[in-house]
């Protein structure tokens, strides 16, 4: 995936991206950090093709056209849950499969499995209005994971979760990535989460977003809770933190 | 002496009335509610206004144009308007329901209600028309009920009358109810040749365009009511003599009707208004006997339960004892 | 008819009784003539007396209204979907759908009768024309009000036009759609009655419109009111059916149906 | 009239031209008799010829419709607010507001004429009655659809009933309300015309309803169509004004007005 | 504030609170932790009087009736921003003052000041749909702070914010609390944030929520970034973490 010279300005002359470049190798796990309002969500939307840039473009090699039989090439966990209020959690999670024509029994089984993974196994029949904030985000995550996408875009999926749940889902996400090898773009505000999860971290500056730091993390592939206390981890976290502070004052 | 006054020709009555009542300084304001838009059917009323006949009687008359289903009788009964225009059968029905309205002056001596069919069918009378084809009739009208009772509608297909003549023009086997001064002219204008048969010739002939007032008002203002009737009679005389100027006035109010149609309708209705009876009794005359006969017919049709006593609604001043 | 449905019927019935009592009292106290505003008791009496005519009329009219309403519901949604397909199409055509609503039925009645023949067909079409626009207008607003983020989500998952319509837009538009149907339910009855004024009388089964017209002509105000009330009951039945369906469908997720 | 307004006017005008061309062509090709469906050219000709009558009629009718529409808008919102005040009140009274919609105007015309006199007042009331219900129904749905969390927020900050209504419920109901007003705009014109059929004729200013009635009687189909078109134009003007106002008010925050 | 035997069950026999007791002294700063879906938001809603418990009650001493001239006794930052979409950021922030009748100039000045504090000084005229997720939450926070409440309820207000912004707002919140002395109930998923901010931490178990740990933190009143690296801080954090894990398995 190659992002070249991306420019996006909102009405009112609000320049969010002013020529951003980013090159992401297939199968890599990239964490995206940056101050609130800097343009992370905007970038993700542009990558997903949900918004149009004034200049620049995003190209995918290999192309991200849907292949026959594939569930969905891209999945996106939005910053807000965006569930369909008239559907149960199960039917919400099964939606992407439904849209690609997977038979009912199969898609429900798949949705149930992934809901179990995110800890919503006992809430499959509830409606979004009956969930807590964190449960809604988890349902939304399940909806994204159910498709086994080739490109997974996550916009602060775990912000509303307690640290235990979050840690558990971190581990699951990384395991899934290692198993399936999809490309992951992960927006987070948590430096330690970024360091723990990603292979590579990109820190953006204040609006208009520019790349302050683009670093391949020097950490082992196998990651466990123990990693968080290691020196290498602390160094990476410090580097990220410094870059963030630097980006604040750009 | 009343009777004598009544028997005199209309114009003389008017002069006599105006001579006997001193003209008030400020004319009395009254309202006359019509049951349709300005058309030759109401020519005499507009003529009375335009020629100054109302003014000479000390009246300042506001003419309220109506539309389809204008509730004229209710307006008169509740005092919204002092005078109104209605049909004799409707007046009797209204009385049976408890509206205390009384007839004063009947414009149409012969009812203009008719059935029209295409001349090409060669029908000689209504019985012929009702023996085949389609006929459009409006449910609830007393003359329709009368025809049904007299002939039955077994051989003819009855469809609702829609107020227009479009289907008539389109269908050679289509007949419909009509007002002799209206639909036949419209149909002719579109190239059809209608044959028109009066319902009156079948023995059902209610007065039409009858001026009514509330009994209460007659009691309180007998002179004003008489003056009004006199002016109306004057107006109709004026209109029958020369409809042109009044038509021009009405054409301004009712732009949908052109000058020729106005003239043609005025001509078509003349024999229904100016009859033998009016030549002897004066325009607008009403006979007690015809009212009684009509009341009996309505009872026979089941429209009303019982015939009202003639003295309840017929005021001698306005009704001829003769036929 | 379960318990909660029964309980739901209490307030309108109480209101009805209060209303009727006030009416009867007012008419008696003010000595309003019966031919002007008859008291409920008189209307009830004539209603009982003419029950079979009223029932027959209600069935005839109700059938036409139901057909008209059904057509409105289906075609209204279809037209709204078409209009919602692009701003261009909406701008070009939406104003003209309004045309249907501003045409006095009486003016196009001859055309209706020519095309559909006098009787129930023309009446149903009249009912349809009169009740169509509210369905279009409300459904269109509903389709247009879909949360853009949800739209994005569907786009992302490659949803086809039809799937987006079926699984996103129409469900999201439901609350609006049902408001449109509620309005249409009443209008379809009035459309049928007005249609009957002009085009509706197939021998032997006079609809309420014919009854109204006849009663009006004959100044039988009590019968007139009875027929009008029968029409209202028809409207209420349709309205109630629409409302119940709506409440049932929306209950678990839309605030407008909560607490019903 | 700025540029984007002008640009917005292009699609409907194009649609109009296409429509008229199709119509003219069809009428000529199929040789439809002029008294049945006149071609647009004939309607245009008679429209030009009777321009002053049509304009006068449109002004008379428009005035009544505007008054009726205004009353509907104001009272409709008030009634909806009342109904929204409690489920109990809604259940008890909402069905009866439907009554207004299912009453054939002809049936209550005598009452209207008696209470308001023949002429513009009664016509405006007729327009009002016909156009009221959609405003009630839509506003009510709108008021009921307010996000419950926002309601909570207002409760928390001790907002009084009136402030909640004014600053939360009514703004939130705006998209629904404007749909109701759009429907009411067309209905108010038809209500005025039907009112004129029965009650409307004040000297010197025959409304479109009277023109329609007269033209119909005289089988002047071209004039009839011209009058009906004039009525539609009236409706469109009202509709356009409502839509523009709505779009302006909602532009920055509601998806239904985005991209207009 | 005294919470006694609070019980709340949602339809479908979902018991969320099954007799919860909590005693909060006026002017204290309490952090509330617990797994996702355990009932934290529900508890806050009950305390705010936005929901009704089946049993038990919440009493306030002194009473929380609004005194004349007071802006609003309670303020609540909801888990979702809940802004009015038809109002600009400024007018959203000024809303509580508007509802208590503060004159326009005054309330706008107050709103502007507090928006400046949360870093939205240059977005006052924008509409909610034109904000990023984090900006929306900050606007919502500004709306709560503008009232100078006696009881401040915060439901994960900083979850959507980057760590720098979050740290800055943490400091501001604590400064505000020390200055005004209101009671604060603060729901968070971040153990370190809880330890850094609060005087006292309450950890809840899984649904139905029970108190696993209720501890007055042994930390100095004066807190700076340096605190985070101290041993006392680490100890408190570890205790909280243990309680959370314990609550998971209850």
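For reference, chains read A, B, C, D and E in written order, and residue numbers begin at 1 within each chain.
To be clear about the criterion, a residue touches a chain if its C-beta (ideal position, glycine included) is under 8 Å from a C-beta of that chain, and two chains touch if they have at least 3 such contacts.
Please read these numbers as outputs of a predicted model, since none were measured by experiment.
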Separation of chain E from chain B in steps, with touching chains one step apart: 2
Per Cα centroids, the chain farthest from chain E: B
D-E or B-D - the one linked by more C-beta pairs in contact: B-D
Whole-Å gap separating chain A and chain C, where each centre is the average of the chain's CA atoms: 49
Interchain centroid distance [CA atoms averaged], chain B/chain C, Å: 39
Contacts with two or more other chains, residues of chain B listed in rising order: 69, 74, 78, 163-164, 166, 170
Touching two or more other chains - residue numbers and ranges from chain D: 36, 106, 110, 114, 147, 197, 209, 216, 254
Numbers and ranges of chain E residues touching at least 2 other chains: 80
Chain pairs that touch, as defined at the top of this document: A-C, A-E, B-C, B-D, C-D, D-E
For the chain D and chain C complex, residues of the former touching the latter: 8, 11-12, 14-16, 19, 36-37, 87-89, 91-93, 95-96, 98-99, 101-104, 106-108, 110-111, 114, 133-134, 137-138, 141, 144-148, 175-176, 178-179, 182-183, 185-187, 189-190, 193-194, 197, 209, 212, 216, 224, 228, 231-232, 234-236, 239-240, 254-256, 258-260
Touch list for chain D against partner chain B, complex: 33, 35-36, 50, 53, 106, 109-110, 113-114, 117-119, 196-204, 206, 209-211, 213-221, 223
In the complex with chain E, residue positions of chain A that touch it: 10, 12, 14, 33-37, 40-41, 79-80, 119, 123, 126, 130-135, 138, 155-156, 159-166, 189-191, 241, 244-245, 248
Chain C partner contacts - residues on chain A that touch it in the complex: 45, 48-50, 66, 72, 74-76, 78, 80, 82, 84-86, 95-96, 98-100, 127-129, 147
Complex contact set, residues of chain B against chain D: 33, 37, 62-71, 74-75, 78, 80, 163-166, 169-170, 182-183, 186-187, 189-190, 253-257, 261
